[in-house]
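Two complexes are shown next, each including subunit A; its partner changes from subunit B in the first to subunit C in the second.
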Partner chain A sequence: MSGVEAGEFKIVFTGPMGAGKTTAIAAISEVEPVRTEVENTDRVAHAKESTTVGFDFGRITLADGSVVRLYGTPGQMRYRFMWDILGRGAAGVIVLLDASAPGALVQLDVFVDAFIPHVAHGALVVGVGRTDVPNAPSTDAFAARLDARGIVAPVLSVDVRRQGDVMMLVRTLVCILGSHTAHGVPA
Partner chain B sequence: MSKVRPAKLSRELARKVLEGYGEVAGVQCAVLFSSDGFEIASHAADAAASARLAAIGSSLAALGTALAGEAGLGDFERTTIESNGGAVTIMRVGSSRSMSLAVVAGKDAVLGQLLWATQRCCQALAKLLDP
Partner chain C sequence: MPTLKICDVGLQPDTSHAFHSMLTIVAGRSKAAWQLAGVEHADVLFASSEGDGSAFAAWGATGKPVVLVIDDRSSWPPAPFVLRHPFRVMQLLSVLDDVADLLAASPGRERGDPSRWSAAESLRALMPQSGNAAWHVTRTPLGEEVWLGHGLVRAAARTIARLRAGELEVAAFHPTGTSPPADAPAIAACDFAWYVGLSGPARLAPWLFADVAYRLRRWPDFGRLGVNTGMLELCAMSTVRAWTPAALVEASGQLAADVHRFLAAASLAGLLVANGSEQAPALLARGRVQSGWDRFLGGLRRHLGLAA
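And then the complex of A and B:
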């Protein structure tokens, strides 16, 4: 986490295809985000028109002047190699999930397992969308899933289209970072 | 989906084009892939290798598109990764952004010749896939 002391650090948004990583970064970035979206030809995996195959990049400045570089990963397993490239040097990770998608709880495991090795002190926050869809697991179900594996991480219900919701995820992560560094990043 | 996923017949023809291209000095393998990282046809690469090349190649093409756009240079055409063991070229096929070709070449390949041959191959593929 060498970047934290320098007042500039990196946060990675990850999660499966269609969880809203590109939307979340666009919702909060103070610069026009860099996007690498292409046409999605795998409509079986997800019905959406386009999908990120490189990475998203945005930036925000916190109240204390710290600059946060925001990176979004591709969600599909075939882009697993990008997860490690983007995870390297990250101060913290935000895992986004769509509760109404099949296997959302299993997806939580997949992304937590992939990114936990990259972040110190468990700097990880989970944002779950569409928990209001009938039969979708609640945020408690996601928290219990983490708890059962001995992982302590906040799980928040979010609508990634809302700037306030996404900023809440970032602030929560920054709080975790601040509590673990001598020259912590104030929220 | 059918717009970018060619029918079986054209896949077979694409594979034939790649086979001919495989004769170019130094070419080790070639993979034609969709912009979202799926293999469409390949030559001299096994299924696992071509799937990985397709995924990584699509990321590079997308990053190339983003970088060219950022620099105000228009559309992505190609990028070449050179290493001490050889070179990999990713080249866009046709004028659409729907597919690209990745070519792996050894040290014995002459880069200029490789790029010229790859361009010819991409032109043949473009005709085939979007007649």
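And then the complex of A and C:
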């Protein structure tokens, strides 16, 4: 059963700690996002002061009253069990990465592996921040990583603090969903 | 009487001044009304023959008729429109009328067309080796140099800005033994190729085939390149399956020119692959009853400012 038939249309923002998931949801949610942040005790992984441990939640209401739910996953591996819970029934997934973080390319693999099983229409979009930091891998490097796995998904450089960039990610996701619906090979 | 735009390029100041003066003298006597214009908007170029020939080759590659100006010591070059300086009014008038006749005989021609294809064709040849250390160079009609090599394109910041705005014409790249200034701004060669494709002519690029289906093997980075809704739609559709150009035009509902430019851009940037000659099957969405999913997507698309 699709999410819509179940009365739910869900877009999941995922990625490692510090990639900007909470910021991205806040940029486009019509309501103040619900956050489950606590003090970050893993300052080795990221220096930020707080981190998501449950999930972030935001919402977009459409003209006909239907609702798009925006979920942000926790980024740390120790909360991986939440990924499956949040990914289930997702219409699409947006993976956010920080190119300047150590092992950013490996993190792409981790989150794609975790969420690909949940996206029936291949509706996966990758947003990569801080590609302008010296020695950070370019979006082409991330795209090549997907190429090697036979995955054709958009990899877009973004600054999730900019609402326009987050909207670009969501628009891209919706275009993919629409194309699969209208032009996809029937199951 | 048609109005034609002309631009002098590379002339010495005194020659340029004489040309401008003569244009006012021939006004009303020529088959066309001649207006001075910037090089990119000009229908005709009025160019100096001085130099090593590469500049004139660049003007010629724009596809615009070029009136070649030679001095009185030069031998007559094998060019269709030649004028010797110092000018005589009747000679200038004769050459301008010849050019006007040429343009009148080909009203449907896309001015600037060959230049864009020639630049694109040279890019196609060079892109697989664009990471090499050897530099290639081309010029805009304004004389700005654009360098290709090391996987990058280097040019002045204002040149790159015009490229991003789709306002840049360049001629074919050619090898050079020199290097660009070390501090010249750079963009990725594949990004440059994307812009060249997008600013190309409206018709299908000569290296693409009408009966071949194409699909996207990789998305462009719209975060870097800038995006419009139409491009997003075309990329999404071309990810789902391969389309012949005509099928993509029909299914997307977009202008053929936009689809052709998208295909040219994607292929030049190395993002497009041919997928045999299969025709895209009939659209599944046509005529079917809207499901809840369709309605929902339609609502979401409207909310996001996409066509429903």
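What to note about this one:
To be clear about the criterion, the second predicted complex is superposed on the first by the 168 of 187 C-alpha atoms of A that agree within 3 Å, B and C clash if a C-alpha of one lies under 4 Å from a C-alpha of the other, contacts with A are read in each partner's own complex, and residues count from 1 in each chain.
The working rule: a contact is a pair of C-beta atoms (placed from the backbone, for glycine too) under 8 Å apart; a residue touches a chain by one contact, two chains touch by 3 or more.
For clarity, every value in this text was computed on a predicted model and none was experimentally measured.
In the superposition on chain A, contact is made by A:143 with subunit C only, not with subunit B.
Touch criterion met: A:82 reaches subunit B, while subunit C stays clear of it. Residue contacts after overlaying the shared chain place A:119 against neither subunit B nor subunit C. Counting the residues of subunit A touched by each of subunit B and subunit C gives the higher count for C.
Legend: residue contacts after superposition of the two complexes on their common chain; A:177 is shown touching subunit C, with no touch to subunit B. Once the two complexes are overlaid on the shared chain, A:34 sits against subunit B while remaining clear of subunit C. By the touch criterion defined above, A:26 lies against neither subunit B nor subunit C after alignment on the C-alpha atoms of chain A. In the superposition on chain A, no residue of subunit A contacts both subunit B and subunit C. Subunit A contributes residues 2, 4-5, 9, 60, 62-64, 66, 68, 122, 127-128, 138-140, 143, 147, 152-158, 165, 167-168, 170-172, 174-186 to its touches with subunit C in the complex. Those residues of subunit B that touch subunit A in the complex are listed here as 1, 4-5, 34-38, 51-52, 54-56, 58-60, 62-63, 65-66, 70, 97-98. Residue ranges on subunit C touching subunit A, taken from their complex, read 188, 190, 216-219, 221-224, 227, 229, 232-233, 235-237, 239-241, 251, 280, 283-285, 292-297, 299-306. Partner subunit B is touched in their complex by these residues of subunit A: 34-43, 51, 53-55, 74, 76, 78-79, 81-82.
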